[in-house]
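Consider the two complexes below, in which chain A is the common component and chain B and chain C are the respective partners.
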Partner chain A sequence: MIQINHVSKRFGELEAIKDVTFSVPKGSIYGLLGSNGAGKTTLMKMIAGIYKQDRGSITVDGEPIFENIKQKERLIFLPDALYFFPHTTIRQMADFYRHIYPKWNEKRFYEMKELFPIDINQKIHRMSKGMQRQVAFWLTFSTMPDVLVLDEPLDGLDAVMRQKVKNILFQDVADREMTVIISSHNLFEVEDLCDRIGILHNGSLIIEKELDNLKTNIHKVQVAFHGQPPSTFLQHLDVVYQERRGSVLLCIIRGEEEQISAHIHKYEPILFDLLSLTLEEIFIYELGERGYAIENILV
Partner chain B sequence: MPLKTFLFNRGIFSQIVRNVGWVALVYFVGLLFALPIHIFMMTEDENWLMHHQTGRIFDIGSIIQFSLMFTLPVLLAIFLFRYMQVRLSADYIHSLPVKREALFLQHIVAAMIILTVPVAMTAGCLIIMKPLLPVSLYSLKHIAIWFTGTVAMNVLLFSGTVFVGMFTGMSMLQGVFAYVLFFFPAGIFVLLMFNLKYFLHGFAYEYYLSYNIDKIVPFIRALNWESKPIQPIEIYIYIVLAFIFYVLSVWLYKKRHVEAATDAIAFRPLRPVFTYGFTFCVMLVGGAYFGEMQQRITWIIFGYVFASLIGYFIARIILEKTWRVFTHWKAYVQYIGFIAVVSLLFAFDLFGFGKYQPPLNDIERAYFGDHIYYFENDNENGENAFFYERDNVEHIYLFHQQLMKQQKLQTENTKHVVIGYDLKNGKRIVRQYAVPLEVYNQFYKPIFHSLEFKKNHYPILRINDFKNVLQVRIDSNLGGKAVRLRDREEIESFLHILQRQLVDETFDPIAWNREWGAITVTYEKQKGITEETMIKWKKSYHLVDEWLQQRGLLQQARATVEDVSEVKIIKNTKRLKTYEWTDDMIERAEGIVVKDKTKIEQCMQMAGWDERADYIVVTYYKSGYADIQSFTKHFIPPFLN
Partner chain C sequence: MFDLDLRSRKPIYEQLIEKMKEMIIHGVLKPNEQLPSVRLLAKQLTINPNTIQKAYRELEREGYIYSIPGKGSFVDNKKEAVYSEKVKQLEENMLKLCQEAFYIGLKKEQIFSIVERAERAIRGGEEHDSN
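Let's look at the complex of A and B:
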């Protein structure tokens, strides 16, 4: 369980994170979305115990993370720009991790050689960016983390490798109840991965959603009536968005599918169509409702 | 968790060794060249070896030794803590489950090993080599001193560099700050002293500068280790300082944000301190530079404004890491406004420094001289420049009162005056002034006429028992003439005359410039210890001339009329310096040739060494030698008028 409570952080004049609160339950994957400069990296570095928040608290399993060795041993942060000690080989880095992380799993490290076909005696600095990212995942998974904080983790990996990495993530979450926070500026990249998504904009968390009930909970409805729609028609519905296209009324409505259908059928429409939304559409409308345009928030 | 595992981590430590272990190797090789190899090279050349004094290990290969000592610890600290200054590595290292204290401690331990083991190994080499050397270059004790001194200096410089590294996020600035840290205390002191003298009338900056403040700069101190060996107390101070630096560093490290990497100043509240501190220092340098070069208040103010402007914008450029800082001028205006107010406080002397004089009755003794030296080094060489007699103290006090009223910056034709008081309560007060000569002489006269001054000034007057005098020598400046008095009766008679002459001597600065030669008195101070004291043989000492004449020694002591064939007097219309007159010019020049003995005698009595004088006086001796001297218009023989 990761608990972020009214956290703020300032870099001089710049207020990078403004009063952010959310939590990630154990064994779940949380997607942190936002454009460049939204504050994702800053927030993640605070969750990893690198930066210290100016206000608020960040706890992992109830303990503040900053300078907390016990919790940091269970947590791995994988930054968007990777760092390895100069002139080290994979083997040397593995030895280093073995001394640093008590749960280091040498067996798993060797087993994963199959997944990451790289010579372990090669110097990491000579490798391509994509290969370096694979090495980072390899080392990370071998430390058997309970909490994984991944900043733009899939950049630079090819489709096959992405899938491999996602599979291991799923497996670890399922097997060991690993908790994951993953950031991205791309909704599609994490859509199939996350249980929950939060969108960060200019340092504030502007929206937070459970993905499972998100899709079942919001619907696109197209209706048409003879003449004008009845005035009371939309009164008891949670309408997020409406638009007229000729005689057809297009609405985005929150609520259970059966309830919405039952309500609309009472008015005997000549056309009635109920569709589910793509994740992107959901966010477009949800953000629109809060006065944001999605192009400014996600790429 | 046990302390050991808590603070030590094999992974981290081996990473540090992999990262900077090579420094130890470089250091060891460097020391090998500086000492063992160098010594073997010396043994090839016997002269070289013989010239080396025993025990001076720091002098052997000193350039390499001191270069290593002054740079390697600083570089090592920069390398070791580079992980804090680079964003990626700073993030990475601090994401690891290792406490900052543990990280810090392991880096320090690694550094201590790197800074001591090569020195110890070199010391080992020196011990092994010792029996193989043809001469004894050093003892075990010398090696121990060399080892302790080197290690103490290494540790001090290293810890200081680590300490300043906590304040900055840039490795280059860390290096700069490290040297600034060690030069700063002495540097700022000297700068302040130089600048205060422009503001505080009578400020005796030389008194404060003579503290040998450079001792506290470790680099300068180390270079003098062979002439003034390092003391145990200094080693303790270095170790204690290093310890303080470490403790403060850990404390700062824990306060420091990881994101401070690449920032010029790691702690935001310190940024203005840096800006204005830097501006202030550069301003002082500018003021001192123009003050010393031009000595005019307008130039000094220009120096302050100009230098502080440069300093301010350089500080901003470093802080903001951009050239586009010239729009931030408002803070500078505030700064210079503040400085102007402070300067006015000093200029109008609101602290009363320039007007302060202790109550006359509190003064135990007063000092009056043209240099600060004897104020601090009382009684050295039997000189005593302090006055106890109330009359003299009062004279000095009154003169001081007058000096306080004069204008501050006087440059033309002045005399340096230092006035100091030792008060009855043990306090010392000292002031220094540049005084126009006329004012000076006017005041100097009554003091000069006091017996106390003369006793202070002429050690001969302090010889009471003539029996201890072994010899008196009277030497002439010209022609190698000299008289030695060894006969007891002669010595005593002469000294009586001389003492009377000195006591009767009147204040006459122009006449003092004319002298025949010197009188040297050799006396036995204590059993077996002889001392010499010398005074000018002024031409105004007529009693001495008379005495020599009576005893028939004058001819022997100096050139007289009898030795001179003629004197030529040339009007020095162009006011050339005496030495600029060549033989040729003298021959061609029109002038009065004097052959009359009385007139020659007058000429000899009045000729002096004044430069750019009114007349040039050439004395032709019978021996064929010619001597060129001069007259000033205030002091010429009557026949020229």
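Let's look at the complex of A and C:
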């Protein structure tokens, strides 16, 4: 369990993180979303115990993480910009990791050679960016972390490799209840990866929810009637947005699917479609309601 | 076992529930048959195990499956839940077809005569069986 309680962080004039509170239960995969410069990396570095927060507290399993060797031994932070010692091979890097992380699993390291088709005696600096990222994942998974903090993790990996990495990640969550925090600006990527998401904007957390609840509680409805729609038609619905396209009325309605569809069927529409929203659409409408223009949130 | 459409708008959790229900209703999964474990399914489908867990919980709540601690989840033998879901699906399909029929100008009588023909076909089959 990771708990972030009223955390703030300032760099000189810049207030990078403003009073952020959320928690990540054990075995959960948490997606941290936001535009570039929203504060994702700063927040992750604090969760990894690299930066110290100015105010508030960050605990992993009840203990403050900053400078806490015992907790940091079971946590891995995979940063956006990877670092390997100059001129080292995969084997040499693995030896270093083995000495730092007590739960290092040599057997697993060798088993994973099948997944990552790279010669372990090759120098990491000679490899392509994508291959270096594969090495980073290989080493990370071999340390058997209980907490995994990933900053833009899948950038630079090809489709096959992404699928492999995701698969190991899910297995570790299923088998060992590993807790994962993933940052991304790619909504499609996060959509099938995470079970909870939080959106950072200008250093504040503006939405924090379980992904499925977010998705099952809002729907896109397309409906048409013979002639004009009855005037009372939308009265008892929580309509977020509506638009007429010719004779078809398009609405975004909050609520359970069954209730919405039962209500609308009473008016005997000649056309009725009810769709789930994509994560991207949810953001556009949810944030639009809060007065944020979407261009500021997503790139 | 089956595949999900990760590009679909439908949440994966709902897709999972629907697929499982379908397989139970059509008898692909038989009563008391063990369902694949959460970790196996997570591995096979590359899906978040928490999502699968949640889908299983919902299926259990609706009476489609039951779980034995330490052993796993199994298909429940509740005919009623399966039956009422089948009736619901049929009703929806028939409603759509009838609406379409009216739209292209069929008369009520014509639809009824189709119903009667269907009934005769089933009965005829029964008579044939008894012979």
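To be clear about the criterion, the second predicted complex is superposed on the first by the 267 of 299 C-alpha atoms of A that agree within 3 Å, B and C clash if a C-alpha of one lies under 4 Å from a C-alpha of the other, contacts with A are read in each partner's own complex, and residues count from 1 in each chain.
Going forward, a contact is a pair of C-beta atoms (placed from the backbone, for glycine too) under 8 Å apart; a residue touches a chain by one contact, two chains touch by 3 or more.
Every value quoted in this text rests on a predicted model; they were computed, and no experiment measured them.
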When the two structures are superposed on chain A, do chain B and chain C clash or fit side by side? fit
Let me test your reading of the model: by the given contact rule, A:117 touches which partner, first (chain B), second (chain C), both or neither? neither
Considering only touches as defined above, state whether A:194 meets chain B (first), chain C (second), both or neither. second
Could you tell me if A:79 is touching chain B, chain C, both of them or neither one (first, second, both, neither)? first
Please work out whether A:216 is in contact with chain B alone, chain C alone, both, or neither, and reply first, second, both or neither. second
Between chain B and chain C, whom does A:227 touch in the aligned arrangement: first, second, both, or neither? neither
Of the two partner chains, chain B (first) and chain C (second), which one does A:28 touch, if any: first, second, both, or neither? second
Residues of chain A touched: more by chain B or chain C? B
What is the C-alpha-centre angle with chain A at the apex and chain B, chain C at the ends, nearest 10 degrees? 170
Which partner chains sit in contact with A:97 here, chain B, chain C, both or neither? Use first/second/both/neither. first
Could you state the shortest Cα distance, in Å, between chain B and chain C after the structures are superposed? 27
Considering only the defined contacts, which chain C positions touch chain A in the complex? 6, 9-14, 38-39, 42-43, 46-51, 54
What does chain A use to touch chain C in their complex? 27-29, 163, 166-167, 170-171, 173-175, 192-195, 211-212, 215-216, 275-278
In the complex, go through chain A and note every residue touching chain B. 11-12, 45, 48-52, 67, 69-70, 72-73, 75-77, 79, 81-83, 85-86, 88, 95-101
Please name which positions on chain B make contact with chain A in the complex. 9-12, 14-15, 18-19, 88-89, 91-92, 94-100, 254, 257-259, 268
